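In order of appearance the chains are A, B, C and D, and numbering begins at 1 in each one.
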Amino acid sequence: MALITPEQYEQSLKNRKSPRIFMNGKKVQDIFDNPNTRTAIEANKASYRWALDPEHQDLMTGLSPLTNDRVNRYVYVSRSREDLVKKALSATFTAENLGTCIYRCPGLDAFHALASTTWEMDKNLGTEYHDRFIKYLKSVQEKDLAVAGALTEPRGDRKKRAIDWPDPYLSVKMVEKKSDGIVVRGAKINISGAYVGNEIVVLPQSAKRKDEGDYALSFAVPADMEGITYICQYSPYSAEREVAEDIYELGNPVFGQRETSMVVFDNVFIPWERVFHCGETDYSIKLVERFAKTHRMTCGGTCKVGFMNLLIGACKLLQEYKGLDKAQHINDELMEMVVLRETARACGLAAGNLGQEEPVGSGVFLPDELMGNVSKLNICNAFWRVMALAGDIGGGLVVTLPSLRELKNPETKKYIEEFLGFGSNASAEDIMKVTKLLQNWTAGQHGVGTWHGAGPVMAQKIMLQRVIDYEHEKKLVKHTLGILKK
Amino acid sequence: MALITPEQYEQSLKNRKSPRIFMNGKKVQDIFDNPNTRTAIEANKASYRWALDPEHQDLMTGLSPLTNDRVNRYVYVSRSREDLVKKALSATFTAENLGTCIYRCPGLDAFHALASTTWEMDKNLGTEYHDRFIKYLKSVQEKDLAVAGALTEPRGDRKKRAIDWPDPYLSVKMVEKKSDGIVVRGAKINISGAYVGNEIVVLPQSAKRKDEGDYALSFAVPADMEGITYICQYSPYSAEREVAEDIYELGNPVFGQRETSMVVFDNVFIPWERVFHCGETDYSIKLVERFAKTHRMTCGGTCKVGFMNLLIGACKLLQEYKGLDKAQHINDELMEMVVLRETARACGLAAGNLGQEEPVGSGVFLPDELMGNVSKLNICNAFWRVMALAGDIGGGLVVTLPSLRELKNPETKKYIEEFLGFGSNASAEDIMKVTKLLQNWTAGQHGVGTWHGAGPVMAQKIMLQRVIDYEHEKKLVKHTLGILKK
Amino acid sequence: MALITPEQYEQSLKNRKSPRIFMNGKKVQDIFDNPNTRTAIEANKASYRWALDPEHQDLMTGLSPLTNDRVNRYVYVSRSREDLVKKALSATFTAENLGTCIYRCPGLDAFHALASTTWEMDKNLGTEYHDRFIKYLKSVQEKDLAVAGALTEPRGDRKKRAIDWPDPYLSVKMVEKKSDGIVVRGAKINISGAYVGNEIVVLPQSAKRKDEGDYALSFAVPADMEGITYICQYSPYSAEREVAEDIYELGNPVFGQRETSMVVFDNVFIPWERVFHCGETDYSIKLVERFAKTHRMTCGGTCKVGFMNLLIGACKLLQEYKGLDKAQHINDELMEMVVLRETARACGLAAGNLGQEEPVGSGVFLPDELMGNVSKLNICNAFWRVMALAGDIGGGLVVTLPSLRELKNPETKKYIEEFLGFGSNASAEDIMKVTKLLQNWTAGQHGVGTWHGAGPVMAQKIMLQRVIDYEHEKKLVKHTLGILKK
Amino acid sequence: MALITPEQYEQSLKNRKSPRIFMNGKKVQDIFDNPNTRTAIEANKASYRWALDPEHQDLMTGLSPLTNDRVNRYVYVSRSREDLVKKALSATFTAENLGTCIYRCPGLDAFHALASTTWEMDKNLGTEYHDRFIKYLKSVQEKDLAVAGALTEPRGDRKKRAIDWPDPYLSVKMVEKKSDGIVVRGAKINISGAYVGNEIVVLPQSAKRKDEGDYALSFAVPADMEGITYICQYSPYSAEREVAEDIYELGNPVFGQRETSMVVFDNVFIPWERVFHCGETDYSIKLVERFAKTHRMTCGGTCKVGFMNLLIGACKLLQEYKGLDKAQHINDELMEMVVLRETARACGLAAGNLGQEEPVGSGVFLPDELMGNVSKLNICNAFWRVMALAGDIGGGLVVTLPSLRELKNPETKKYIEEFLGFGSNASAEDIMKVTKLLQNWTAGQHGVGTWHGAGPVMAQKIMLQRVIDYEHEKKLVKHTLGILKK
């Protein structure tokens, strides 16, 4: 069966050439040992564990027609509405169990966009991308590879075309076309856990004009390919994990923050069998749009349902720990969080339930365009609101919390236990841990991260404006007023 | 086939005894002639027309196991998730085509609550309500009756029990139990179009305590029954329609406002075969809750999708009429309305898609409790926001509009045509009509009406608080923090 | 003293030629008798009464340097921050006592814009407008005239210049310049109570370009001038008042709705001594901006404080009438309304307290530009929210209320008294009246009216974008980061 | 003159006994050297610098009647509305220049509460607290001491009285009353920079009942007093500063985060001349309320105006750096931030402008109760919204930013400069620094901190509910409806 173990996945990373990774001005010598990169490996490992776990296998795998076997959900392209709904539900499950990204998710959504669009290009243009892509996908499924997806680019002056930028590499560009493949240069930024993938699949970030053919690119590349450099994020949370003596001092002990990096492609060679889009400028936007709605259903929608569950659970626990069960304003806030969560859930499920085969005949199912985008757009605001509410329930300690290490310091332990135990039945340690989790969620990176993950509000608005058609609504009004007879 | 024509429905109302109806201090002599009550008849007639229309029959009818025949959607109790989804979709269709209530909707939702709860009472208590109810429902289906539903009551001091109120009739109460039936007294308020139903089905409004058995009542009664008095609403919109010379001067020409009345039961006799709940106080709340979530999915949720479509369509038309197609702030507002509409749609569909048989074995499918309530709660705020946005696009004329009758006045016609035509390609008449529709929606009764229809926010909050369980979320947090080992 | 009585004001209207006024397709023969136009007269009369009332005189009058006497606040141009604060407070007082517009308010704000801008034109251009205007203002003060202000115009395609519109009269235009004055044609729309003013003062609505000199106009004109036609608004509320037998059946018995009309100028002659701006295109926008911020402080800001007080008071009364004093969710809603009201109050007061002489040397004080606009922008959203909250507290009866006339119908009176008295100590009549007031405020024209009065959100945004300067903020950041040394 | 230099202040801290301070499980050996505690010293030093700076002296000092000399604004009790307005303005100035707390602020607000309430106690009860307090205040002014304020306590089960808690020290309690003073035990939590004050002034956190006299306490204590232990907060931001090689890698280089600690009083002796409230339970709530409204005007209101200026400035800079000047959605977001800032400013100013002497005769001016609380309540939500908007403009890099240290790493420098320079005229370094500042503000502690600082929403609601009186509003409604004759 094409399902490998977590350990096999970790070993596959160890077997490769060591990628060139930098963090905080220094080279990362060992991603297995570095406390921050380690979290991303742990997150991906969980996806392998669940696929093998009978309790979760139905949700976390799919039956591939390419391999005639169960493959991990994260390498399975949806072929029905039921598949899309399972995809939506798996995002919630993953998110609430990790409290961070599953790093195989953007790659999967790129696969959806490619399966659909390579089919369409071949049909309309007579290219051979779909066969190539399917062959590649089959091999990914057979080896159960972890694949990262990469879209976002620095980009230069938005008022000018890419070819008019002083530096042409602010989007990833083909610098040479050779008989056996292409050479690319440029950078992708904000990329989730690229270096813990076996592979990276690259899509364009935006529509391309006719004369921007060298930017109309999609390809797959091994994560340890020569010419690739990873420059990691470094935040207060990175520092905190570096200096922690015990991960259980932290707000998300095992899986940490969403670890991203800038991925620099400095003249990287891509053989033709790994190139899935090259110069067909009309189709770049299709790749983008199809990725976007697929990603927005989950990363923008149902994944945040899982995160909200963690916030809600922590608030409920603190309420109980502090004996505030009857405080109506807290119950009201919890309810408001639940309403926002259910709304997110509804939009994500609707995106799946209203999904369709696209293009007809391709066998690929994609979420409803409107709902996929609406899911994400709602979440942008909802998540900030949930954070504000959770921060209220968490109390001032969410920002003023002393270190959990004080519990090991005999000079402060007794004071901490007395005064942060609040005279309740709960221990100061549990209260502090739950507060620490709320610090992670409400006094850290998740507001901005949730907003920009899968694209900020403006990105959804641009899609919506393109998609919405008001003919039905206008006709209704004319009928109602007798301007138009039925 | 058990589907009658609109004309047959109207004739059925003419055949009955004339009900006792008052409006604006005077008796309504003829509901077919009174311009306000007429609108409610027209709305119900549409439901008969659609059921016979091949284009809409799939949505607007269901195949009844009682009659083995197609019956109108408004007398069909859902038996699957697919049925619930169709129910949700039919509410949108109805609402966007009427721009007002379909008056058979609360009756249908009462049927859902009764089908489920009478089955449960019989199973648990050995009563015979379910058989009675099914017999009654079958006859309703066979005759294709229009049935109104009635729940809301004046109620007295909420801090006291009903039996301690000085006036015991502020909830509908059984005043006598006889061998052949019961006698009831009290009033239902805010009841949509009761007098244009052939029948009224009555449910309790709230939970009952053990000693409130005389209030634990559900029954069906012909709308022309002796002892019933209808006192109609009378609003500025009622007056406007009364003095209109041409209904096309009005904002919703044919179907008007939601017409409600206070329905007074002054010692009305109900024979036992029409009594479905009488004294089993534990089950009153079940009737209420099951009605609530069923009604909130549609009246609270998907029905407002249809209304929003009218607002959106009118705004888009005005934008085009006034040549403001490129005005980005208007496009942004339209988009915001669409996002709110899609969110409402998603919640309504999720309520159906996540619905279940309740109780198991009953064959009755009801919407998901959480989603049914969330649908409505979201709408309360969303609809006001859509109104505000539409009012912005509509412009000051939404409130300052001269009468469309000016177009027939030679002294003002030319000025109106010149200055309200805005030099555009559209006629002043069309601009004024669409503005009048927006007046109806944004400067009238729909904000408060939408909020309170199917219960105000507080009613949803009460249900939610009862339903929500935080165990899953708490466990997730404990696992994450290592407080609880997986 | 230059303060006349309400009766003298009414008589002054009777003394003039009867203006040409139309409503609902018919000529208004007598504005004193027509129930709708009557309300506007009553509102203006109140302003005369207050000025003579020792209790209110300090707030409702000012000491004019032109007449060396107390003049009505509504003809007094502010000369200090204290004056501006009094102006702000008088708007609240007026609004909460009328529950509708005081129709002398836009005229007053036009006077502020003219006093400031004519001074500046004369100074910079050597024109004689300021002297003319001051002479005119002095005469207005001496006669204590009611003066309406008129800005809003139909306008044609916004993407084209006025001179390129097919119909050049969609803004008010000078059609002839004569030795003794000018002739104008066009229309002003949405004009509050113009026909109950003795005079109308006209300003341009928007910036003018160099070649739009014929549109760069400001002048004063007697309301009964030949060539002027008024076409009144006609809404459901107009109809309701027409058919009412007793004004105390209505939601705002005496003062009614804000009564507006379209004011058509069909070749109206304006003698030079009444022309205050004619062709100086650079100054049109100054008139607009100075009017806007002055009007937005009051009409947009503190006036709505008064309206909110009525909504809040009605909700509190209903809460008490229904015995819901302890209902926390109602107390929370009341508090939210109070917070929105206080915020509006704060912004209005700040606009006054931060006001300044503009231009320096003119002696004219105008509100702070940012705060004047912020006041209004906040109100647009706040008022809808207050309506939603008040509609919740008002209950479904806000839309389903039977006519108060039922209390005079022996067949329904007893039912109404029983079931709408809610078993409380309050009478059904009082409950219905307060509910009717809430109907007026939450199920009528006030959401859209408040939004568009003094200009919709977009108008404030345009002003704000023009005014805001980010240099201070940018410098702070550079200092903080050491990019710029302090 | 009673104004010392920053260096004198720092020396005064060095002269005292070393306080017992812990952070992250270890003793802080040297607060001048520890990078986190250092920031608090720098912030306080700035307050001394400004007071001596002729440019800022008018705002940052006041003329004390006790010393007949200029004293620092932070030890000056307001004696007029003008003073209150200056106090409000100084909070903005301080906040925008520090980007963090000025740690002398809660102490100042405690002085306002004490000046007012000790006067009232002496007048009503014949105590001698006011003289004591004035003598203490005079000495503080003469020595220009930095004084921290401390209110918040752990508190036990809120449903029980303090005297019924198993651990009686969850509020600060008098454990012994001696001839020369009192001994107290308990802890204050979330206390801003207590250890960088020369003194701490303690108020009760909440109302006290008759039998809670031992908790009705206010006193001043030297920060290095025996028996006091400080347990500092430790957050990701603390860790980041610890490991930073250069403070200019950080988001707020010099002044950092708001540094707080739990202050434990373990049997601390307070001589009578430093005790200002001891057992007069009726007056505890007055101290709390007067502190609250004073603190909420500034910490809750105008201080956040300053913080918002930093967010706004950073967003504007990034917009310009990235060449997005014309992007309308960014301009709209900037404008929304400005509107929220102006609203905060208006409320703060109104709180001052409407302030009054309280109690009459005391000579102490306090902000308006309603406005003081409304200021803070609005900010709770507004600040989260400003964060969300700024996070949008900041972009994904706000969370994914590599370390600024990469600019010193030859292997990554060129990539960073190329790809994070965005081909713009700005340097990657400046873009990264401004982004880092936005990380500090939008992906850190400020949402929760701002919400809870000066008390969370619920605290304001409790005050508002106590203060609001609806009589005026109810009377207006009755007059309008003719229920009550004027």
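Heads up, the rule we're going with is that contacts are C-beta pairs under 8 Å (C-beta built on N, C-alpha and C of every residue); 3 or more make two chains touch, one makes a residue touch a chain.
Keep in mind that what you see is a predicted model, and the values were worked out from it rather than measured.
Between chain A and chain B, two chains of identical sequence, the interface residue sets overlap for the most part, with shared numbers making up over half of the total. A centroid comparison over C-alpha atoms places A as the chain most distant from chain C. Chain B and chain C, compared by their mean Cα positions, are separated by 38 Å. With centres set at the average Cα position, the gap from chain A to chain C is 52 Å.
Distance between chain A and chain B, defined via averaged C-alpha coordinates, is recorded as 41 Å.
Shared interface positions of chain C, i.e. residues touching 2 or more other chains, are given as 461.
Against chain D, the residues of chain A that register as touching in their complex are 22-27, 152, 154-159, 165-167, 169-170, 187, 189-190, 229, 231-240, 242-244, 258, 260-262, 264, 266, 323-324, 326-327, 329, 380-381, 384-385, 387-388, 391-392, 394-403, 405-406, 408-409, 411-412, 415-416, 418-420, 422-424, 439, 442-445, 447-449, 451-453, 456-458, 461.
Every residue of chain C that touches chain D in the complex is listed here, in rising order: 96-97, 99, 248, 252-254, 309-310, 312-314, 316-317, 331-332, 334-335, 338-339, 342-343, 345-347, 349-351, 353-354, 370-371, 374, 377-378, 430, 433-434, 436-437, 461, 464-465, 468, 470, 472-483.
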